[in-house]
Amino acid sequence: MSAARPRIRVVNPNSNETVTRNLDTALEPFRFENGPEIVCSTLAEGPYGIESQADVESVVMPLRRLVEADNASDAFVIACYSDPGLHVCREGSSRPVFGIAECGVLTALARAGRFGVIAIGQRSIPRHMRYLRQMALIDRLAGERSLEISVAETASGEKTLARMIAVGRELKDEDGAEALVMGCAGMARHRAPLEAALGIPVIDPTQAAVTMALGAVLSAQPS
Amino acid sequence: MSAARPRIRVVNPNSNETVTRNLDTALEPFRFENGPEIVCSTLAEGPYGIESQADVESVVMPLRRLVEADNASDAFVIACYSDPGLHVCREGSSRPVFGIAECGVLTALARAGRFGVIAIGQRSIPRHMRYLRQMALIDRLAGERSLEISVAETASGEKTLARMIAVGRELKDEDGAEALVMGCAGMARHRAPLEAALGIPVIDPTQAAVTMALGAVLSAQPS
Amino acid sequence: MSAARPRIRVVNPNSNETVTRNLDTALEPFRFENGPEIVCSTLAEGPYGIESQADVESVVMPLRRLVEADNASDAFVIACYSDPGLHVCREGSSRPVFGIAECGVLTALARAGRFGVIAIGQRSIPRHMRYLRQMALIDRLAGERSLEISVAETASGEKTLARMIAVGRELKDEDGAEALVMGCAGMARHRAPLEAALGIPVIDPTQAAVTMALGAVLSAQPS
Amino acid sequence: MSAARPRIRVVNPNSNETVTRNLDTALEPFRFENGPEIVCSTLAEGPYGIESQADVESVVMPLRRLVEADNASDAFVIACYSDPGLHVCREGSSRPVFGIAECGVLTALARAGRFGVIAIGQRSIPRHMRYLRQMALIDRLAGERSLEISVAETASGEKTLARMIAVGRELKDEDGAEALVMGCAGMARHRAPLEAALGIPVIDPTQAAVTMALGAVLSAQPS
Amino acid sequence: MSAARPRIRVVNPNSNETVTRNLDTALEPFRFENGPEIVCSTLAEGPYGIESQADVESVVMPLRRLVEADNASDAFVIACYSDPGLHVCREGSSRPVFGIAECGVLTALARAGRFGVIAIGQRSIPRHMRYLRQMALIDRLAGERSLEISVAETASGEKTLARMIAVGRELKDEDGAEALVMGCAGMARHRAPLEAALGIPVIDPTQAAVTMALGAVLSAQPS
Amino acid sequence: MSAARPRIRVVNPNSNETVTRNLDTALEPFRFENGPEIVCSTLAEGPYGIESQADVESVVMPLRRLVEADNASDAFVIACYSDPGLHVCREGSSRPVFGIAECGVLTALARAGRFGVIAIGQRSIPRHMRYLRQMALIDRLAGERSLEISVAETASGEKTLARMIAVGRELKDEDGAEALVMGCAGMARHRAPLEAALGIPVIDPTQAAVTMALGAVLSAQPS
């Protein structure tokens, strides 16, 4: 680690700069004058959005190269809910690398017995299930349900929040979820109103992963 | 949450003030001028050490009362590796309560495939196994081994560290652990040298829990 | 164990004497002239009813003291479906201690592939799920559903039974339960009619635990 | 159930009458003047010993016929540690049928966190593992080890006990077993000395199954 | 294995010759001029249909004797979805023995994340669940649903297919199945149209088991 | 599928032509005059060997492109024991794609209760464990052990076989494996002698996957 102020690099693996700016805003409360620097950047090689397995795989090696090339950061966060390239990035660096899906779920487990996941689309649910099995965390899954909203509707924050509340209520009331993970990198602004509406903890996965990255770099500091 | 600077309360449930002071030192890197306040305190009613199940149970209701009586804190950390009273404290407050065993293990899972636990004594291993089953996290346990050292030896930091390295090496080489959790609240000063000696991540559970508490209070801040 | 007639002590951890009397009646068929003595008693320190986690925890240390103080009993049964203090009581005595939730579920597993649980209230379900995970018995749970009846309705045995049959039918027909556990200490009088109505085994957990206690004290007798 | 004194039928599926007599002796403490009748009988069609899968399967249909033909018994116990014919006997009768392996393991789970099994021969361990998976109880298995003694040595009770203590100590000290199940129908006389030598509960599976049968028939009695 | 052309024996354990002929037809594409011989035969001792546990058990020892008596076959397939006698046949021969339920499920796992099972009747579902637990494959089960059609309706291929499509759609859309196993030996002719209608892989278990048998005998050939 | 003779494409994702030739030889017994064509090819973009996670990831997108570009094949086998690109290839084609690790393990499960894996190097074991968790098949793993031999020693077939027998014996005798999977694409010539030496089934994963591919294309043939 650098002797000076530690640095956490948050990488948005899609090339949509708006998403990166939203991440940056969502992480503002995690920055302190004398605390670790938190830098958000966009993966130039990424597709505009990561929806398919091919999208996921296409960013794996670029992420590895980004981690290897960045000697100025002390920890990395891959800000896509499929955790692309997590293990290959870890292999390529002795510095900790965090995935937001993994950290989102682990953080939900620190708050409640069973958790639910709000996915954007139905199509990603089998991939998420496979990943929960890989992490051996699926026994605490209450359920996963998707928003199934159009891109146009997502643009309208209001409609998206209303749909999230409806889906979250089903996860809570029908599936027994006691905490929720928002299964996407760009939903942080809905976290607080969703939590207020449902009355159970709601986890933004990027905040969860940056929290774990903070813990890793701070634990490495001399006390 | 208080409108002002958020506060995290770390409670040492045993009445040994030296342990509390050590916790306080280990958490120094997590404090920032404009960051959340981190306060360590000793549970007056606690036994001098928590070793038996009776010791664990004896602090449960006092911890609940402490949480209910403290309206100035925004999150709580119970700093004993048996997570005494975790669920009853959560029941008694809408503010998040974290247990260091739970957070220690979850944090290890964000770093590696299978984790090992270093316990102080053999006697606590069945209790820890029961708890890992309860959290449904036991499938990723590589193994748990105990230091089996006398109190006199613990006093000598050097001998304790040597023993931790020996036990950690067994967990890594024989059991396949890829990360370690120190199964005790008061071992933080051995974290860095143990990690350096073994070459795998070592988690201090109190730092892990305070990290999660930081995440919870910061996520609740307006961005 | 006493050389003479062995004794099983059944403790009702709440202070409602009516519940204790009901337990006593339900255990009448388990008493034989030359068989073990079965004594039911009320925990003086207990709350009037055990509904919250705080209620559960409040009786833990009193139960431990009761077990330690009673040198005349050969086995103990804690007659509350949350099994309060089970492990701390076991730690405090070399004599066997049984919890009715644990024994109720284990007994259902000796009768059928998957079991259902009838809970009094929705609120206790997450606690029961946590406990089933702790016992690593959750893979055989078909489902748990709650009666959601008012105290006034419980008083009327007829309405309670009708509601139990309705909930039991859902557990059997929709969830696939092949046996049921009544998730409460005081429902024994409904066991036979419920079993007759549903056509699958119904387990009263107190009878299940006293059965196991009988087995333990009888196995220890010279043959 | 018969209106009069209930009857439990214990069937030894091998044709070795000495084993049946030993079972009868081991169950003596479970008989009371006004309690259920406990009758032990030998399956005439059974092989002299049940060691192979073929031995197991050869008694399945004879056991079914025995259960169907016996209208005078209120519950059945199949006294072979492979639980031959358990499900087909249950299908053929509305009266409860218990297997000693299932009941032995479930009873161990009511006494401790993780259990060990003492098998007669190495060859039966894969069969037992398959059965523990079927019951979804394998997550609490600490280990299974076999005596690997000759028939001549088994005849000598003393040598058998010494070997059981040695194997039991390995299960306790190396595998972490906190209770033991004797994986055979005919070892009951070693239960008490084995328990005394090891200091952890030891379960005789036939006593465990007869206990559960007692519970079933007594619960069905009017109170 | 015979030096000459290897032979796979497929045994229909029920005595319905029409079923055997259907199996024979369904396996036609697996036969090659210079490939292994695939012989279908009927178990003379079998019941006309295998529906109950007693039906299953009744064919176990006859199957064992058939395998032991047949020295001309290099591999065996037991063509009943309850895999009767699988382990006792394996014990009786060094040649591989395959069960169609086991192979059907394993083959589905090679095609998709979670699978569904179409059962003929509701009654067999608990038996199938027990078997999936025994194989430790139940964590990937999306669901099992039964056709619940009368024998008369089964005779009419058209109505059966329509019902299979309806049930398959529920497994896919409501339970999340990504592949289906037809839980019966005699449904092969519906495989292709069912797969076409649902758009997910559909596995005929007999074809799956014969495939595995082919692999076993071909792997044993010198290359 | 092509109306004519179906074709199975086996892709060696590393660029070592000797490995491809060895695969081709090992698959010779699976070819029949009127049977499916089995074509082995080398991935031009692949590294010379696949040892690290980076090696694995580097071939993922090239494999996807290969599958998408090949309209003449009816099924694909990815012949590397890390199953690189399995899910992204499946997403890119309606034709079945098989991974040799997945098929090797599933095939072992059709032969025995618990399986062992022989890995080339220690380093790949955590990756394999993660994959077994993802497939939810780890509960039947007896153990995985690595050969730890130098490349020079691998060249000498004799020494490699001797080492495989030694490691296989440990898996069988110490870990309880009842079948073995060779955890590498290029070991097929050792399969038969290893099986003969150990007396338990040994699975070559490429043969296992080609077998499953055969089953898929043959099941799709009109009968």
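Structure notes:
Residue numbering begins at 1 within each chain, and the chains themselves are lettered A, B, C, D, E and F in the order written.
By our rule, a contact is a pair of C-beta atoms (placed from the backbone, for glycine too) under 8 Å apart; a residue touches a chain by one contact, two chains touch by 3 or more.
Note that the structure is a prediction, hence the values are computed from the model and not measured.
Among the remaining chains, A is positioned farthest from subunit D, on the basis of C-alpha centroids. Centroid distances from subunit B, each centroid being the mean of CA atoms, peak for E. Residue-number overlap of contact pairs with A-F passes half for only one option from E-F, C-D or B-C: B-C. Computed centre separation for the pair subunit B/subunit E is 52 angstrom, with centres defined by C-alpha atoms.
We define each chain's centre as the mean of its Cα atoms; on that basis subunit A and subunit C are separated by 43 Å. Subunit E has residues 130, 133, 135-136, 139 in contact with two or more other chains.
Remark: the chains found to touch one another pair up as A-B, A-C, A-E, A-F, B-C, B-D, B-F, C-D, C-E, D-E, D-F, E-F. Every residue of subunit F that touches subunit B in the complex is listed here, in rising order: 125-126, 129-130, 133, 138.
By the touch rule above, subunit D contacts subunit B in their complex via residues 113-114, 139, 176, 178. Those residues of subunit A whose C-beta lies close enough to touch subunit F in the complex are 52-54, 56-58, 60-61, 64, 85, 87-88, 91-92, 127, 130-131, 133-136. Subunit D contributes residues 25-30, 32-35, 96, 98, 102-103, 106-107, 109-111, 135-137, 139-140, 188-189, 191-192, 201, 203-204, 207-208, 210-212, 214-216, 218-223 to its touches with subunit C in the complex.
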